[in-house]
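Structure first, then comments.
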Amino acid sequence: MVNLGFSIGDLRFKNPVLTASGTFGYGSEFDDFLDVSLLGGIILKGTTLEPREGNAYPRMAETPSGMLNSVGLQNKGIEFFEKNIYPRVSSYNTNVIVNINGNHIDDYVGLAERISRLDKIPAIELNISCPNVKMGGMAFGTNLGATRDVTRAVRAVYPKKLIVKLSPNVTDIVSFAQAAEEEGADSISLINTLLGMAIDTGSMKPALSTITGGLSGPAVKPVALRMVWQVARSVRIPVIGIGGIMNTRDAVEFFLAGASAVQIGTASFIDPGVSLKIVGGISDYLSSKGFSDIKEIIGIINRQGTGKS
Amino acid sequence: MTKRIEDLKITENTRLNKDIFILGLSGNSSLPEMRPGQFAQIKVEGSPGTFLRRPFSIHDVDYERNTFRLLIQIAGDGTETLSKLRKGDTLNLIYPLGNSFSVPEKNKRILLAGGGCGVAPLLFLAKYLKSHGLNADILLGYRNSERIIESGEFSAIGNVFIATEDGSEGEKGLLTDHPLLKKESFDVIYCCGPVTMMKTVAVYCRKRNISCEVSLENLMGCGIGACLCCVVETTEGNMLTCTDGPVFNINVLKW
Amino acid sequence: MVNLGFSIGDLRFKNPVLTASGTFGYGSEFDDFLDVSLLGGIILKGTTLEPREGNAYPRMAETPSGMLNSVGLQNKGIEFFEKNIYPRVSSYNTNVIVNINGNHIDDYVGLAERISRLDKIPAIELNISCPNVKMGGMAFGTNLGATRDVTRAVRAVYPKKLIVKLSPNVTDIVSFAQAAEEEGADSISLINTLLGMAIDTGSMKPALSTITGGLSGPAVKPVALRMVWQVARSVRIPVIGIGGIMNTRDAVEFFLAGASAVQIGTASFIDPGVSLKIVGGISDYLSSKGFSDIKEIIGIINRQGTGKS
Amino acid sequence: MTKRIEDLKITENTRLNKDIFILGLSGNSSLPEMRPGQFAQIKVEGSPGTFLRRPFSIHDVDYERNTFRLLIQIAGDGTETLSKLRKGDTLNLIYPLGNSFSVPEKNKRILLAGGGCGVAPLLFLAKYLKSHGLNADILLGYRNSERIIESGEFSAIGNVFIATEDGSEGEKGLLTDHPLLKKESFDVIYCCGPVTMMKTVAVYCRKRNISCEVSLENLMGCGIGACLCCVVETTEGNMLTCTDGPVFNINVLKW
C-alpha cells in the first residue's frame, strides 16, 4: 500500500490530486464520470461577492496544445452560493475549497469572512491572478505590494487554511510566493493561466471578445513546472502545482519538482474522469519505483544529478 | 439522462459529397437513450492541431442494431482527420449531451428547416416525431445541388422541399425565400443551420407567432457545463449552449 | 503584384520574413533547402566576444508543441566570426544580421564596435534575453535599468541599425520595449524563449543538464502574439514578431497584431525550407484578401471589432 | 552530398518482432547516393506528442529498385505512430544526413558489432564493405532470442556470431563477453548499440590498439547542424553528432 496523503497544516487530504478552479464547475457536472469524493479535493469555480455575467462570447479559442479562455469569472455571487451551491457540495466526502476573487481588497475580505462561516469549507484559494477581469484580478497578482496587502487582509479575517494562487505573468515568481508566505498563507498554488492571444486570420479579428485571454493546457506545462520548482525550493509551506497536467506522467513531474499536490485543469474538459485516473496512476508509479509514500519523491530532483539516465 | 464516456467502433464511413460524410458507430453495451437535438463530444486522435473535443449532433439512431450515425462536414483539421477513419477503428465519445427539441401536441403543423450540414439533427428529429405520431414537412437549403445531403431518408418520412442558392435543384434562392414559407402556415418550426439563416427564420416566426426552436453551435470547451465558454446571451442572462441548449426557443434568444 | 517590403529606418528588407537567431546557423546549413538570398534577412546565431563551449549535453527536450533548449550560446567568438564566417555570409544577397550577447555591458559594446566595422552587416540584434547563460544574459532583459543601460551603451558606439530583442519572462513587456525605444533602438524584436523545464519521470532527473531552459515553438505563440500586440501599440519603431511561427497563417497573425516583420525559429528544424514558403504564403494571403501591400494589414485588429466573423 | 527534403512512399512495413519493424521507402526521382552510417530525419504525422523529426539510420539501400529501408524500434509515441504506416502511405524525410563509416584498407580484419536495434546501420555497412571487396565478421547482441533481428541477410554477407543475455540463442552473456572477442584479433571494429556496450567495446579496442568507430544517437533538434543540441564532448571540443557524426572514431571521444 502506497501512502498518497498530504496535509496543509492540520488539514488532511486523502490524496494529492485536486481539480483546478473554473475547470470542474461545482463538481456535480462530473458526477456521471467519477466519484468526486475519491479525489483529494476540489476547488470550486471562481466566486465573487456580487453576481457576474462574465465576458462576451467568444470566450474560448484553441491553440497548439492548449486553449485560451476569457470567461471572466461568471458566477452568481456569494449569496447564491451559500443558499444553493453550498448545501449540495457539502455532501462530497472530500475537501471542498472555494476560489475567491475580487476587484478590491474589501471584496476578498468580505468573501473570506462569509466563507469562514461555512462549516464544510476547510480552505479558500485566493485568486489574485485572473487575467480576465479588467480591474483588480491580475493586477494584485503581478504587484508585490498588492499581493502582500490582500494576503494580509484576508489572513486577518480567515482562520482556516489559506491557499494563495499565483499568476505566472511576472518576472520573479519566487518573490511573490515568499511575500504570500510571509503574510501568512498556508499554501501556494501555481500557475494560473499565462496571458495570451489568438487571431482569426480569416476574419482578421481577435479570436476572443476580450482580445487577450488566459492560456492553459499542455503548452504551459514547461513554464508551470519551472515556476513550481523555483517556488518549492524557496518556501516552507506546501506548494500545489497546476498547469497542463494531462496524465500521471505530467503529475509526477510536478511532484519530482517539489509540489506536494497538483490540480488538474483543462484536462478534465477532454477526459472528465482523468483526475481520478491520475490518483491511481500515481500510486502505480510509486509502486513500480519501489516507494511507499509520495513524500519520498517530492522535490527529489534537487537531490539527484541531471541529464539522461 | 446519464452521460457516458465510451469507446465506440466505426461501422461505416460514407462520403456523401466533397465535404460531408457519415460516421456509423456501434457500442459493446447497449446504447443509452438519446433525444433529437442532443450531441456527442468526440476525441479526435492523431490530429496535432486538435486539442479539445469536437461536438456533433446525433444524426440518426438505430436502437435495434445498437448503432447511431453522425453527419459531419469537413471544416478544419479535426473533421478532416475524422473523415479518414475506417470501419473497425475506435472513437472515443462523451454522450448524449445537451437538451433536445420539444415534442409538440398532436395536429400541429410542423416544419423542419435545415441549412447545409444543419440537417444533421433533423433526421433523428423527423423519425422521432414520426414515432410519436407526428408528421412534419422538411425544408432543406443548400448552396448548390452538389451539396445536397438528403439521400432519400427524409422523403421516406415527410414531404421534402429543397432550395439551392444557384437554383441547380429545387427552388432557387435561400431556404428562407422558399415559397413553402409563404404558402403554408406552420405552428412549429424546428431549425438548424447557419446563424444568419436561423435568425431570418426566427424573424419570420416571431412575426407570425410560430413557435420556433433553433439548435446553436457555439464553440465548446467541455460540453458538460464546466467551462462556461459556450455562453449565449438570453433574456434570462447568460445560458450555456451545452447544457441549457443546444436547442433554444427563440423567445429566450436576443435575436 | 503585392508589395512585401519593409524597412527599419533606411534599411530596406525585400520581404518581412527573417530567420531567428540560433535556429538558422550561419545560413549555409540551409543552402540545400532554400535560396537564403530570397529571404528578407537572416539573423545569425548568438555571437560572443570570447569562444564559448555552451552548456553540457543534454541541451534539448521535446515538450507539447514545443521544445526546450539550453545551448548556452556555443560559438567560436567574434574573432573566428570575422575571419571565417563573415567572408562566407557576406555573399548572401540579403540583410545578414548578427545577434550579440554578453555578460557585461562592455562585452556588448566591444562586439558592437567590431561588428560596426563589417561592411556587409547592416544591423545587429542585441540579445538581452537569453535564459541559458548564468551571469548576464537574461538578467539584462528582465531588469529595466539594465535594459536601458546596455541599449544606451551600444547605441553610443553602433551607428547602423540596432534591434533590441526582448525577453518574455517579465511582468510588463511594454515598459521594456519603451525603454529600448527611448534609448535609441531602431527596432524591437520579441519574443525570445520562455523559461521552462521538463523532467524525465523514468530517471527522475531534469531533462536538461541546466535544469531549466528556453521554451520555443507553437506552444509559446499565444504569449508571443499577445506581447507583440501590446508592444506594437506602444512604440513607434518597427516591431519584429517571433515565437512559434510554423506556417503562413501563424505569420499573418503577427502582422495583424502589429508586427512589421517576423522571424522563423524552431519551425526551420522541422522544415528547413519553411521560411521561404511563408514568403510566398503571405503574398498569396494578401492577394486573396484583396490587399496590395503588407502595410495595409499591419495592426489591423486594432481597427476592427472582435469576435467571430 | 546534397541533402534533400522529400516525400517518399512506403513500400513495405514488416514487423520483425514485438518492438521492431522495417519500413521500405521509394522515391519518385532516383535516390541520392548514400553512405553507411548516414541517417534520415523523419517527420511523424498524426502523433500529437511528436513535435520534432526523428532520426533513423539507413539500414539498407537498393539503388536498382530505387528503394531503401529503415529498421525501427518502437521507443515511444513517434516510433509507435510510424509502426502503423501502411504500404502506399507517404513519409517526409530529410536525408541523407551525417558522415559515414570509413572504408578500411584491404586485408584488414573487420568486425561489425551491433547491439539491439544498433544493428540498423550495420547491414548497409556490411554490404558496402563487401562491394569494396572487404569481408567482415558480424557480432550481434540481443536481450534474448525473441529479440533477434538478423533475418538471414547478414549471414549472406559474412560470418554471424550471436550473443543473448539469457543464452536463449548463441553465446550467453553480453555481446562484449562473446568468446570471438577473445579468440580473434581484429584490426577494425565498427560498433553501434547502447552506450554502455559501445563504451565497453571502446575500452577493449583501446587496450589492443584496434581502430574503432561508433555511431552515436544523441538527441537531435534539427539533424543539419543548425541547433547545436546534439553535441558530444570530444578531445577537439564540442562536436555535433548530426554533422560531425553520427560516426566517431573513439580516439576523439572522451570515453
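Think of it as A, B, C and D in the order they're written, each chain with its own count starting at 1.
Convention: contacts are C-beta pairs under 8 Å (C-beta built on N, C-alpha and C of every residue); 3 or more make two chains touch, one makes a residue touch a chain.
Remember, predicted model here, so these are calculated numbers, not experimental data.
Rounded to whole angstrom, the centroid-to-centroid distance between chain A and chain C, based on C-alpha atoms, equals 33 Å. One finds 54 Å separating the Cα centroids of chain B and chain D. Each chain gets a centre from the mean of its Cα atoms; for chain A and chain D, those two points are 47 Å apart. Shared contact sites, meaning residues of chain B that touch two or more other chains, fall at 48, 219.
In chain C, the positions touching at least two other chains are 56-58, 63-66, 217-218, 308. If the chains shown are joined wherever they touch, the resulting network closes on itself as one ring, and no chain has more or fewer than two partners.
Interface note: chains touch in the pairs A-B, A-C, B-D, C-D. Against chain C, in their complex, chain D makes its touches with residues 2-5, 43, 48-53, 94, 218-233, 237-238.
By the touch criterion stated above, chain D contacts chain B in their complex at residues 46-48, 81.
Put simply, chain C touches chain A in their complex at residues 56-58, 63-66, 68, 142, 169-172, 194-212, 215, 217-223, 225-226, 229, 244, 249, 252-253, 256-257, 285, 289, 297, 300-301, 304-309.
Touching chain B in their complex are the following residues of chain A: 22-25, 29-30, 32-33, 45, 53-54, 56-67, 69, 71, 74, 217-218, 268-273.
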